[in-house]
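Next, two complexes with subunit A in common: one pairs it with subunit B, the other with subunit C.
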Partner chain A sequence: MSAVESQGVALGGLEQAELPVARTARRRRPTARSLTLRIVGTVFVLALLVFMVGPIVWLAVRAFSGLWQYPQFLPSDWTLQWWRTVFDDKTLGHSMRLSFEFAPIVTVASAAICLPAAYAFSRFNFPGRRVLLVSLFATNAFPKIGLYISMAGVFYSLNLMGTFLGVVIVQLIGTIVFMTWIPTAAFSAIPRSLEEAARDVGAGPLRVFFRVTFPLAAPGIFVAMILSFLAAFDEAQGTFLVGIPNYITMPTEMYTLVLNYPEQAAAVFSILLAIPSVVLMSLARKHVMGGKLAEGFQIR
Partner chain B sequence: MVLPPVAVVAVFIGFPVGAAIAYTLGKTGGPNSTVSLLAQRQHVAHHGVTTAAYREVLGNSHVRADLWATVWVTLVTIAVVVLLSWAIGLYLRLSDTRISRIVSALSVIPLFIPVVIASYAILTFYASQGFIKTLAYHLGWHSFPTLGYTLWAVVIGEIWVNVPFGVLMMSSGLNSVPNALIEAARDSGASLPRTVRSVLLPMNVIPTVIVATFTGIYVLGSFTVPYLTGPSAPNLMGVSMANFFSAFNQPQQAEVMAMIVFVLAIGIGTIYIWANVRAAKRASSTT
Partner chain C sequence: MNEATPAGLLIDRVSKDLGGRTIVSNMQLEVHAGELTCLLGPSGCGKTTTLRMIGGFLQPDAGAILIDGGDVSRLPPEKRPTAMVFQNYALWPHMTVFKNVSFGLRLRKLPKKEIRERVENVLELVGLTHHIHSYPARISGGEQQRVALARALVLEPKVLLLDEPLSNLDAKLRVRVREDIREIQQRIGITTVFVTHDQDEALSISDRIAVMSDGKVEQYADPRTLYREPATHFVASFVGAMNFYAGSLHGDTFELAGGARVPVDSLDAHGRGAYEIGVRPEDVSVSTNGGGGAEAVVVREIQRGHYKELVLKVGEDEMRAFVAPELAADGGLRVRFTRAVLYRDGLLQQSEQPVAVS
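Presenting the complex of A and B:
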């Protein structure tokens, strides 16, 4: 096997990490260099572990802690009483139910509004296409709190303050970028020749869409829907401003909880609030990691 | 077909933003009449426009401190997120071991956790009785500074929240570089740093720009992270905006601050759009 071939195998294969190390190591000072790199790598991974997971674990432990004195790494006393406190609290239960009502409605509404547009953005090259695609980005560029304040003014005039519809609209705003950009990239990734081939063998436009285009774009749309659901589910500021006092969802409740409840109750509530995110993101993980999200943010 | 989302954005973002611009310039009528009804310290323009609200806000030393804090936190966060995303992205690109898979899983964890909870978790982790202080104590460093409720905690929170997007963008970008190119560079004797500089870096300008700009815009407009983890003053503009609106009942001043942040965000957004358009032009000219 030539050098080029063995390199190719190494890069495509399992031992890629060793490649740069092994290569220089073979030439000079083999053990010292690779050892340093290995130590640096291990420290980096450990630091990343603490940085990324540490806060979550620390908070999760708190949800089961009775007595916990500084400077001890773990509580000296474990309890489930904070879970009872949260489950017995009627307002908290109500806010959980509300959250699960809003998020699906917002996701479906967002899909209905944005998916046809995503299809058009990817399939038709009309004048102003790129400008419009970028203009949706305005939803991200304007500071949210400033936007909500000015929206509140308009909402007062439209009698949307404190209404169900008002909250749906506020949450919808945060989903539009996901729901347009990611499916646009997903539709664009489908070769037109596939659709043309289906049409050539006699399939009608609708049939082509539902039998060819849609199934191929489905992973991208799925990622967009999950991200939209979570964006709506986690939206706190706008919901707080528009929904109060009738519609307090879980994340909005969190602001109050952090300030007014014992730390342990807030920790329990945090875990409950994180469950939907963890479950849904786990479902979409493969596609998100596979680049569906990244593709959506490169405008073509 | 494109109309519905564009219309939603126009009605619920374009229109309020337009109204807000008019309001900051002293126009209190029309859509601003409800907001201006109870507002305090308003600057009203009876004829034409007035920049009095802008002058008042920019003349306020507390606001200026918040503005500098915002710029500082934004720049530090962008720098760290870009570096970290590159480091992790490169590692994942050049290596496929069990450890690299762990690193890849670790770096997307924040996607799974709502921002409210992340901020709260980070606050308790770096608080005066948090894990980091506890660890420092056991290592004998009793005077380790408390990071909770400081701008450092805000920076940490913003980095934590923005890392997954950065890593996903960078690894997607780095994965699109063919192995053959990397091998060719390595075979002609280029060291790994040289390969990164002359092959991987030039081919990943766009993903890097996207990571930097989106992180910047996110930090500029963020509220939850600085609100929960940051100091009471100076804090990021998002928090002081909310204070001016609800606590001080000065919506006009709050909107002026929103405009200032918006202008900064537009500046960053322009870089993003410029980079994308340039790349699209280049792509269409080569094919």
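Presenting the complex of A and C:
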């Protein structure tokens, strides 16, 4: 160790003894390059910010604006009137309540259906396993509206159109990929020996699942549930097709709003619609950033 | 079976196929109560499969596994009086050391006070009391290993199973932990099956070693017998280093196929004719000052610290010898075998006693 260290010292000494000209030249080149890189990077990030945050800022300003005429950069009048309009409107309040009813129900139903499937996909090797796993993506591969229209055909014959159950089913379809793939990856990441060790000390299969497997897969399942909640919450096309006229949720209400109300009311509503996403995503941020989401979409 | 000493564990004519391959075939093994037996063999020889069948993670296709005379072959792992230490330790990362070790006791609904006492006792046994509230990720590999051991021991199983428990530790630690394991095993006198592919490990801690190859037990013997009288060519070459030569025996001289004639001082078998001879490198006696023996030339010298390894050329054949490090091996050398074993068709030829294969 000491020999290596002294060698390092000797080398360092040599370097210092070198001509100062050579050293500055060597140092300047990377600096110039990194400066260009930094400028390009900054411009890129700024552009990204304008594209991503810009619409939200515009929406926020819009929601509080009274009179806002074209050449002006900011509205000349500020008002809370549109918020009052939205909160006073009975149908809008009703649609909010509906949205917050559907999303949790769909999430729980989806978990009840998909989590056992995810466990099976991860732990058992049955014929057609990969085909089934990949085919779950099929619902996302086609234009949704085509799928919903053919579903509507089936729903008519089953008398599910315009029913609560019909809306739940149509929203559930959009959550299946999240609820299966991410938990499958979460279960697969748990070494089997952890389950075997629990069997070994005397736990039956069910107890092993609830004491070892489930707690370890919980972060992945949590992410899946949040994404499913948001998918159900934001689902508009299918809900619109199946739910009208009885069940108008927030996103479907947007269609009416855009057509029938001034722009500002729609802005208020959009902000309200975005709140759950922002809150839930920031709650799940740690796990989503931790790679659980990415992990979920690796085909194994 | 011996009536006087009931077997701690009996593997009775057990076979197992996995994925269309026979992994264990008609295996017979008796592990005496309180002894440590190593299953030793190269990867794919069936040793881990055997261990997993004892633990209940695999069902034997044929045969039975008996613990203290009772058949456990059809019991699931949670109902067997066995406890396993897994190769990767398999500690539950969401539980502290205390929770890991006490999990099995809590399942058994023992009183809190008793659980606490038993966990503290077993952690003291493995020397980890200070880490009782640590999470597995916060302690070192050697410590995790001991937690896994404690978790197995706290249930006071009849049979302790260890699946290559040292393979994830560095070389120094491996030697220390294996001595710890042996010491603890002897102190509590627990019947133990230890799976390893490291012959050094097996020789240093076992009461008996079962050398396995292709799903069969090649030899089941104590370490000394195994080393001195390897029952088959496979065992001889797998356990320790061994020089092998085809040739023929003429009285007390062995004529190598290459033509050299080497005197042999001690042989377990007597006979004449074609044999294969096996000689441990430490049984090759090298003399620098003439005397009897075959002429040898040094090809290479390897310093091993407390001894020196010589690679010699004897006639046409290469030979490895362990000699004292101070031996000056430059002049003409003479070699003789102080001890050798004879094989015919890969089987040990012995005149005094029958080959001890169980």
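Going forward, the second predicted complex is superposed on the first by the 269 of 300 C-alpha atoms of A that agree within 3 Å, B and C clash if a C-alpha of one lies under 4 Å from a C-alpha of the other, contacts with A are read in each partner's own complex, and residues count from 1 in each chain.
Throughout what follows, contacts are C-beta pairs under 8 Å (C-beta built on N, C-alpha and C of every residue); 3 or more make two chains touch, one makes a residue touch a chain.
Just so it is clear, the structure is predicted and the values come from calculations on it, not from any experiment.
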In the superposed model on subunit A, is it clash or fit for subunit B and subunit C? fit
Just to be sure I read the superposition right, which of the two partners does A:P215 touch: subunit B = first, subunit C = second, or both, or neither? second
Who does A:L147 touch here: subunit B (first), subunit C (second), both, or neither? first
Please tell me which partner, subunit B or subunit C, touches more residues of subunit A. B
Looking at the overlay, what does A:Y255 touch: subunit B (first), subunit C (second), both, or neither? first
So, A:A198: does it touch subunit B (first), subunit C (second), both, or neither? second
May I ask you to decide whether A:M52 touches subunit B, subunit C, both, or neither, giving the answer as first, second, both or neither? first
Can A:P75 be said to touch subunit B (first), subunit C (second), both, or neither? neither
Look at A:R207 in the shared chain and tell me whether it touches subunit B only, subunit C only, both, or neither; answer first, second, both or neither. second
Smallest separation of CA atoms, subunit C relative to subunit B, angstrom: 14
Residues of subunit A contacting subunit B in one complex and subunit C in the other: none
Across the complex, what residues on subunit B touch subunit A? 1-6, 8-9, 12-17, 19-20, 23, 31-35, 87-88, 91, 94-97, 99-100, 102-104, 106-118, 120-122, 124-126, 128-131, 133-134, 137-138, 160, 163, 165, 168-169, 171-173, 175, 179-180, 182-183, 186-187, 191-192, 206-207, 210, 214, 217-218, 220-221, 223-224, 227-228, 237-238, 241-242, 245, 251, 254-255, 257-259, 261-262, 265-266, 269, 273, 276-277, 279-280, 283
Along subunit C, where are the residues that touch subunit A in the complex? 55-57, 76-78, 82-84, 86-88, 90-94, 103-104, 107-108, 151-152, 155
Of subunit A, residues touching subunit C in the complex: 191, 193-194, 196-204, 207, 211-212, 215-216
For a test of understanding, state which residues of subunit A touch subunit B in their complex under the given definition. 3-4, 7-8, 11-20, 23-24, 41, 44-45, 48-49, 51-56, 58-59, 62, 70-73, 112-114, 116-117, 119-121, 126, 130, 132, 134-147, 149-154, 156-157, 169, 172-173, 176, 179-180, 230, 233-234, 236-237, 251, 254-255, 258, 263, 266, 270, 273-274, 277-278, 281-282, 285, 288-289, 291, 293-295, 297-300
